[in-house]
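Some notes on the structure that comes next.
Lettered A, B, C, D, E, F, G and H in written order, each chain numbered from 1.
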Amino acid sequence: MPRAEVREVIELLARGELTPEAAEARLAREPLVDLGFARLDARRGDRQGVPEAVLAEGKTPAQVAAIVSALHERGHETILVTRADDDVRAAVRAQVGEIEEDAEARLLWVARDVPEPAGSVTVVSAGTSDGPVVREVATCARLFGTAVRIQEDVGVAGLHRLALALDDLRAADCVVVVAGQDAALASVVGGLVTTPVIAVPTSTGYGVAAGGIAALLSMLTSCAAGVAVVNIDDGFGAATIAARIARAAAGAA
Amino acid sequence: MPRAEVREVIELLARGELTPEAAEARLAREPLVDLGFARLDARRGDRQGVPEAVLAEGKTPAQVAAIVSALHERGHETILVTRADDDVRAAVRAQVGEIEEDAEARLLWVARDVPEPAGSVTVVSAGTSDGPVVREVATCARLFGTAVRIQEDVGVAGLHRLALALDDLRAADCVVVVAGQDAALASVVGGLVTTPVIAVPTSTGYGVAAGGIAALLSMLTSCAAGVAVVNIDDGFGAATIAARIARAAAGAA
Amino acid sequence: MPRAEVREVIELLARGELTPEAAEARLAREPLVDLGFARLDARRGDRQGVPEAVLAEGKTPAQVAAIVSALHERGHETILVTRADDDVRAAVRAQVGEIEEDAEARLLWVARDVPEPAGSVTVVSAGTSDGPVVREVATCARLFGTAVRIQEDVGVAGLHRLALALDDLRAADCVVVVAGQDAALASVVGGLVTTPVIAVPTSTGYGVAAGGIAALLSMLTSCAAGVAVVNIDDGFGAATIAARIARAAAGAA
Amino acid sequence: MPRAEVREVIELLARGELTPEAAEARLAREPLVDLGFARLDARRGDRQGVPEAVLAEGKTPAQVAAIVSALHERGHETILVTRADDDVRAAVRAQVGEIEEDAEARLLWVARDVPEPAGSVTVVSAGTSDGPVVREVATCARLFGTAVRIQEDVGVAGLHRLALALDDLRAADCVVVVAGQDAALASVVGGLVTTPVIAVPTSTGYGVAAGGIAALLSMLTSCAAGVAVVNIDDGFGAATIAARIARAAAGAA
Amino acid sequence: MPRAEVREVIELLARGELTPEAAEARLAREPLVDLGFARLDARRGDRQGVPEAVLAEGKTPAQVAAIVSALHERGHETILVTRADDDVRAAVRAQVGEIEEDAEARLLWVARDVPEPAGSVTVVSAGTSDGPVVREVATCARLFGTAVRIQEDVGVAGLHRLALALDDLRAADCVVVVAGQDAALASVVGGLVTTPVIAVPTSTGYGVAAGGIAALLSMLTSCAAGVAVVNIDDGFGAATIAARIARAAAGAA
Amino acid sequence: MPRAEVREVIELLARGELTPEAAEARLAREPLVDLGFARLDARRGDRQGVPEAVLAEGKTPAQVAAIVSALHERGHETILVTRADDDVRAAVRAQVGEIEEDAEARLLWVARDVPEPAGSVTVVSAGTSDGPVVREVATCARLFGTAVRIQEDVGVAGLHRLALALDDLRAADCVVVVAGQDAALASVVGGLVTTPVIAVPTSTGYGVAAGGIAALLSMLTSCAAGVAVVNIDDGFGAATIAARIARAAAGAA
Amino acid sequence: MPRAEVREVIELLARGELTPEAAEARLAREPLVDLGFARLDARRGDRQGVPEAVLAEGKTPAQVAAIVSALHERGHETILVTRADDDVRAAVRAQVGEIEEDAEARLLWVARDVPEPAGSVTVVSAGTSDGPVVREVATCARLFGTAVRIQEDVGVAGLHRLALALDDLRAADCVVVVAGQDAALASVVGGLVTTPVIAVPTSTGYGVAAGGIAALLSMLTSCAAGVAVVNIDDGFGAATIAARIARAAAGAA
Amino acid sequence: MPRAEVREVIELLARGELTPEAAEARLAREPLVDLGFARLDARRGDRQGVPEAVLAEGKTPAQVAAIVSALHERGHETILVTRADDDVRAAVRAQVGEIEEDAEARLLWVARDVPEPAGSVTVVSAGTSDGPVVREVATCARLFGTAVRIQEDVGVAGLHRLALALDDLRAADCVVVVAGQDAALASVVGGLVTTPVIAVPTSTGYGVAAGGIAALLSMLTSCAAGVAVVNIDDGFGAATIAARIARAAAGAA
């Protein structure tokens, strides 16, 4: 049962639009799957939906494999695992088989019922070392049902490179800026477009740049209007909100 | 000449779609106004547009009054002054006259050609002390051309109050969460809606909450998908991106 | 309607132990009071209960007075306002009248149906400047229904003063340690008693002690078992958990 | 001689209720054991008691093994070693033999005279990656003599999962909340129960969540009453105070 | 009864060198004075001693006056009040009368039985704005019984000024370095003398120097041997340890 | 005797190029002036020189006035007082008379023997609120003997405003960038010029921008080559190094 | 086409001094090389120029090798790779061959058309462990076309070692100070010379020195005039601005 | 030539008590040894002296071996290498041979002309994991010529263990307190003794204790008089100042 449905039932119940009996009946059709260390919303499989996302970091490879396996058996929504290092991907591959992977972005996924693309997102990065996060944003956003364009290595220290990216920036329903040492890029892009901008600080760089705090602060204080920020290196989070913005702008629910 | 137009000309020039002469001619019609301490994009006044926004903090009341006055004389776009304390508002009022104000939100504005409302934003706050930022978000978003609903004092420590706000949260094209000590609200709201959520940490609270850093970190680490964050107390920034999201979702450019 | 009751109904509903109609009926008897900037759980007044607590900081005196007044009109639970400076207390006094106050602790309250004291808490502080927080803990804990003993100015730099406090420390069901520059007191007390210890760092002191972060960190790293910590200067929070511990230890619900 | 007894004698002496001679006599029966790098309170073994706890981190495996061995030879209280990695556990196992272990929680122990369980603690966590700390809390609390229920993977982003945990939360004498990126859980749980809540921030997560400071701050600023916090990842500390609270609430000394 | 005596009795008792009865008898001769908000060790007045020091910051003027008054009535040791602003000094002056003051250093004191000076301390500062702390060190150290030389405005940016101070630096038994923006002075002085150096970071300066953290870190990382550091602006603390070092070096107990 | 001369003598002495007697003789001609709280290098007045700079912050108005007066009496170098608020300027004016002032930049000075301007510096700022620091840089740099151009309110969010400043940026021997919330300006300017760039972070702005740390970090991590940074709000420091760079580039010693 | 040329064309275009057609023609002669993950300004090879610098950290060895290879094929400017560890250097060596390396400084480069040395820079360090950064500064500055002198292990704790370096410090057009734990060196050097000083904090040292923040703050608060700071361990950045200063002082463009 | 002598000559020169020729002659007898990456003060070997101390961290094993070898060849003062890991000690051992080592304390040394012990230092630590720093303090202090007593594992959570250490604490001329998670020990010891106390925060512990910042802050804010602090884990620094204090107190120069 997709998460959205569980929610719906519980809320109908809370607002009195559903009797408890009816609610119980609906919920009982496919109960939550409890693996002990994790609780999964098993899906009913009769509607196209949002991916089930699993953060691999902090879990053992065996745990991740068990979760993906359980989700896989029960239906056909997309399953997406983020921050999945080599061991995790190998463990899942051994158990589930038909997965797709991106080692650089530390992603693995089983794409099922991916929605028709609606709207578009342009991902722009300051430098080559921001590449893994760029790929995480792009792959996730595509799985969430939106078109993606990429413009890499566009630092503000060379504005002419930015000029070449202008068309793609202007054509998007939402722009995602990925940058670490050159976080000034968010301000500059924010001043050039009128669409919402989601900024992702990265942990690349050394000295005071190390870890990404400097980039985060720089992006938060941007004087350009229309910029909001997600956690450091959180390509998944940026993709989620960007895809929602783009799809809505294109008239998709 | 509205900022958007200046930009357009310069970019056409940069991309070779405009000869320098043509560009110069267009730009020359109404040059930038230089007050010495500030440079204003004087508007041509023949199109509906985005507000000119002035951050009062860090400027003297006389400087703000001079800027507003110069903008006012030259056209009819909306002028918006943020973080305007009593002295600033008095100085502007003395010089310009026909302004509107909100003392609690520290805003003053001259509303001209406000776009027809398109789409809607729901602003939800954790507590009464977040009120000034809530008002800043709401007033700004309305001036930017979107409808606004407000749900105040909805702390997660009392989930039944949140239940009462559910309809408004679900009805919006974008939700803005304003919270300080109870920043957990962003996570909880993020889990309840499928629209983009913009979170504004506030500087209310004492001890480790003072200044808003704890709220900022809490919101950035939110496990709920679809949440992005702006600077502490930055109601204006939240309103800008939220209005863009909402208007685009409603099909307005 | 006391908060506890509202909760109960909503949860019964969520678990299907109450039909929506029944829930609505019960909730409708006395609806939430909405002051615009605040939402109050109006009490039904037919059971002894927990105080309604209002954090004054961040609210205007007029707002606090309006909230207290609305709560006061509707029933007879205890109303407690914390961090209430002179202006706030004056505003409430002017409107409600029969309040009690403690200027040093920045508290005001209307005591109604205070539960019979059960169990006991000993509050111990390191120095005279911790006095306001000591008083906040003590007054709040008494209003929450537990007995309170106070031992002030017991710094670890003079262990003989601590010796004099030992009987009171041992006699309590819960000990609250209040300290700033001399936060080591929490470790020492934690090593002397076997009851739960709640530590409150204070913002007193200068240099690296200023603001209370040093005290907070010192208390969190305490090697003594059985110590947990609340926010800096949060006497109210410490009193709440301490009273719950003490009352439970004495067999009161 | 158990620590409690040593303390008792010294305090009787300090308060004049014991002559120095009598004190010396009692203390002489079983002197402290001095291993050079550590001082152990050897127990007399004639009373049920609190465990001797050893923090392995920062000690060499040989040192930990020597300490456990010395404690083991002298009596029968429970011995508990926390943050014991593989090398430490192997070293102790080689020397003492009859130990119990939990690799994930990095615990090893020799359970002796564990008190009859009294009262109960419910441990609730936000996500699977909080598992090791959950296990540390649970095992320690059981050794300290209280019953433990566990509810894992209950993030606030999915409130319906929290609903399933409500019965266990309400049934406990003390709730322990373990969370990292989703530290908002402490606020939400604090608003749902009336028992004391002990919150343990974890160091899971990335970006600004890494290391656990964001979780710590979020938990300290929680608006819900009745929540106190221990050090990051300090499952042992949380178990100690939680067990004391639970046992006292159940009438056990 | 001077603090040292109280301690002595308690320790004799703890080590069995005094029967409780004898201890009680000695302690009973002049009990601790309890003012409610403070506990004073009343002195017996029959030995030359260390000053009673009171930190005024965080106490009300009335509280400080009451403490000084109580100490004053009971004997003749030196009484020293630190961080005493104008209001505090006025309150004490009104009640006690015969006090001495230093407004710039925020000190007041009643000098009684000041020990014969033994040994010497040289206080060296980087700039004029460090003056208040220099005076606090100097006055306190003199009251503690040591000779003091002062060398102000000796920044490392002008080494020739340092050269003029060399004789005084070399002649001292202990050197105290007081510096904020120019905290490098501690390293340089540490390299020039072979006596112990106590460094006091000051909160003077702006930008990253504001508050004194930069000075503190700079002094702690000093490569020069023989330097130890006290809290920011803690002239009293520096004077205490410096006087002890100097007096011991001169053969005074 | 100007500082440079004192230095020269001491170094000649240190390197054995001057006998001590000769050194003493030269130094003795006009000894340092010792005001007790400050040591002044009295100038001999026979060479054009660098200004004597006095940081007023942290000194009393009387102290500053005494220092300026003493310097004034003894010669004719330029005297410059930075961070001089109204009280300080009034005190100096009352005692010395012929001073020049800039209230906004908090500067006062007596210009004597200002060197012929050589080379040029362009000061560019992001916004109007950076104005006081811009003025401090400009006035100081002129007193140090270089020409100054100013370009204010050139934020990167509007690149067309930057375009207007390009000629002045390219014409300078050194560029000083002054910015707070829009610190990205340093990166962008650094990418446009090939001259050395000195960046001054300012403490303007709110939320995470407050105090200037975010701007400082942003400027330090700039990807553009050729940028170095001074302390927050340190217009004087920036002017000093910028003037040295510009004068050297123009062939002036 | 060297970056400088691309810039020139674009700016001519922006200022109307070049028609778009002419611009396009010039730019079309040798377009940017797009490697997908990086965009290179391919050089035309007909002018002596600034090096192309590549930051290896954060890129894979294969990416760095591809970038260097592409740059190498197209021309003869100097190529410089910074923070290049063993794997990176091996990868480039395998593909390009004729590179020069400095393992300790983590540099590799292909020197082509290095400008005639003009002006000179003296690099002075506090200790042996600052050696890698010293070498990075020195090698880079030489490649940028200036003479370099080195004075290592000159800590302020031993001023006589500094005396030996004085001649080299005074002879330079720009001084670069490299220091970690002994960052006071920047202040001292700044007080001894009248040339611009660029300070590089290093991450050497332990305790509060670890990571270099203490050194950074110490250098920023230096009271000596004429000091500006770059990022921690940023030898490349320091070399860039130092070489520009030195070359300009020597009359080279 | 020992460092002290070099200093003496230079200072005599600076004060005119030595002609440059005489100075040169004396200095020339045995010049500084320059290894390129390090400058050594070669000793003349005719006086008992202070050790030459080398910080190994940040240097390669080969560099350390070369430095020790050069010092060793030239004389007979004590040579001391701190923070020397296994590789460093092996490299030195291979080259010099007759060294002494302490692996746990990461020390190696060649003891020559160690001064007769004078005065005594007591080192007291909070826990077993502070052992390495305890050993560093003890070995260094002995090499500097003072007697050392050690009291390990004396946490404040068990005051009776502290009681056993009292005699050693009272008998010393200087006490060094080494503690991490239980930094409160510094306050408690400071209240029990009247000798100078040097506190060394250690980086042991987890959560907010990790790295030692919490311990550092706790020790700096200690309310006990007579406590000064050195850098985290800086056993060498503590030993230096403690030995100076102890030796002076015992009348040794």
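Simple rule for what comes next: a residue touches a chain if its C-beta (ideal position, glycine included) is under 8 Å from a C-beta of that chain, and two chains touch if they have at least 3 such contacts.
Note that the structure is predicted; figures quoted are calculated from it, not measured.
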Report task. If you tally contacting C-beta pairs, which comes out ahead, A-F or D-H? Let me know. Result -> A-F
Report task. Specify, for the interface formed by the sequence copies chain B and chain C, whether it is same or different in terms of residue numbers shared by both sides, with half as the dividing line. Result -> different
Report task. Could you tell me which chain lies farthest from chain B when each chain's centre is the average position of its Cα atoms? Result -> H
Query raised in the report: Taking each chain's centre as its mean C-alpha position, how far apart are chain E and chain G in Å?
Result: 49
Report summary line: Rounded to the nearest Å, the gap between Cα centres of chain D and chain G is 53
Report task. Round to the nearest whole Å and give the separation of the Cα centres of chain A and chain D. Result -> 38
**Report entry** Computed distance of Cα centres, chain H from chain B, in Å
**Finding:** 59
**Report entry** Residue list for chain F, restricted to those that touch at least two other chains
**Finding:** 7, 10, 14-15, 127, 158-159, 163, 180, 192, 205, 207-209, 213, 216, 220-221, 225, 231
Requested in this report: Over in the complex, which chain D residues touch chain A? Could you list them?
Outcome: 127-131, 152-154, 158-161, 163-164, 180, 204-209
Query raised in the report: Where on chain A is chain B touching in the complex?
Result: 4, 7, 11, 14-15, 50, 53, 163, 166, 173, 192, 194-198, 216, 220-221, 225-232, 236-238, 240-241, 244-245, 248-249, 251
Report summary line: The residues of chain C that touch chain B in their complex are 3, 6-7, 10, 32, 36-39, 41, 55, 57-59, 63, 67, 83, 201, 203, 212-213, 216, 231-234
Query - Complex contacts: residues of chain F adjacent to chain A - result: 126-127, 155-159, 180-188, 190-192, 205, 207-209, 213-215, 217-218, 220-225
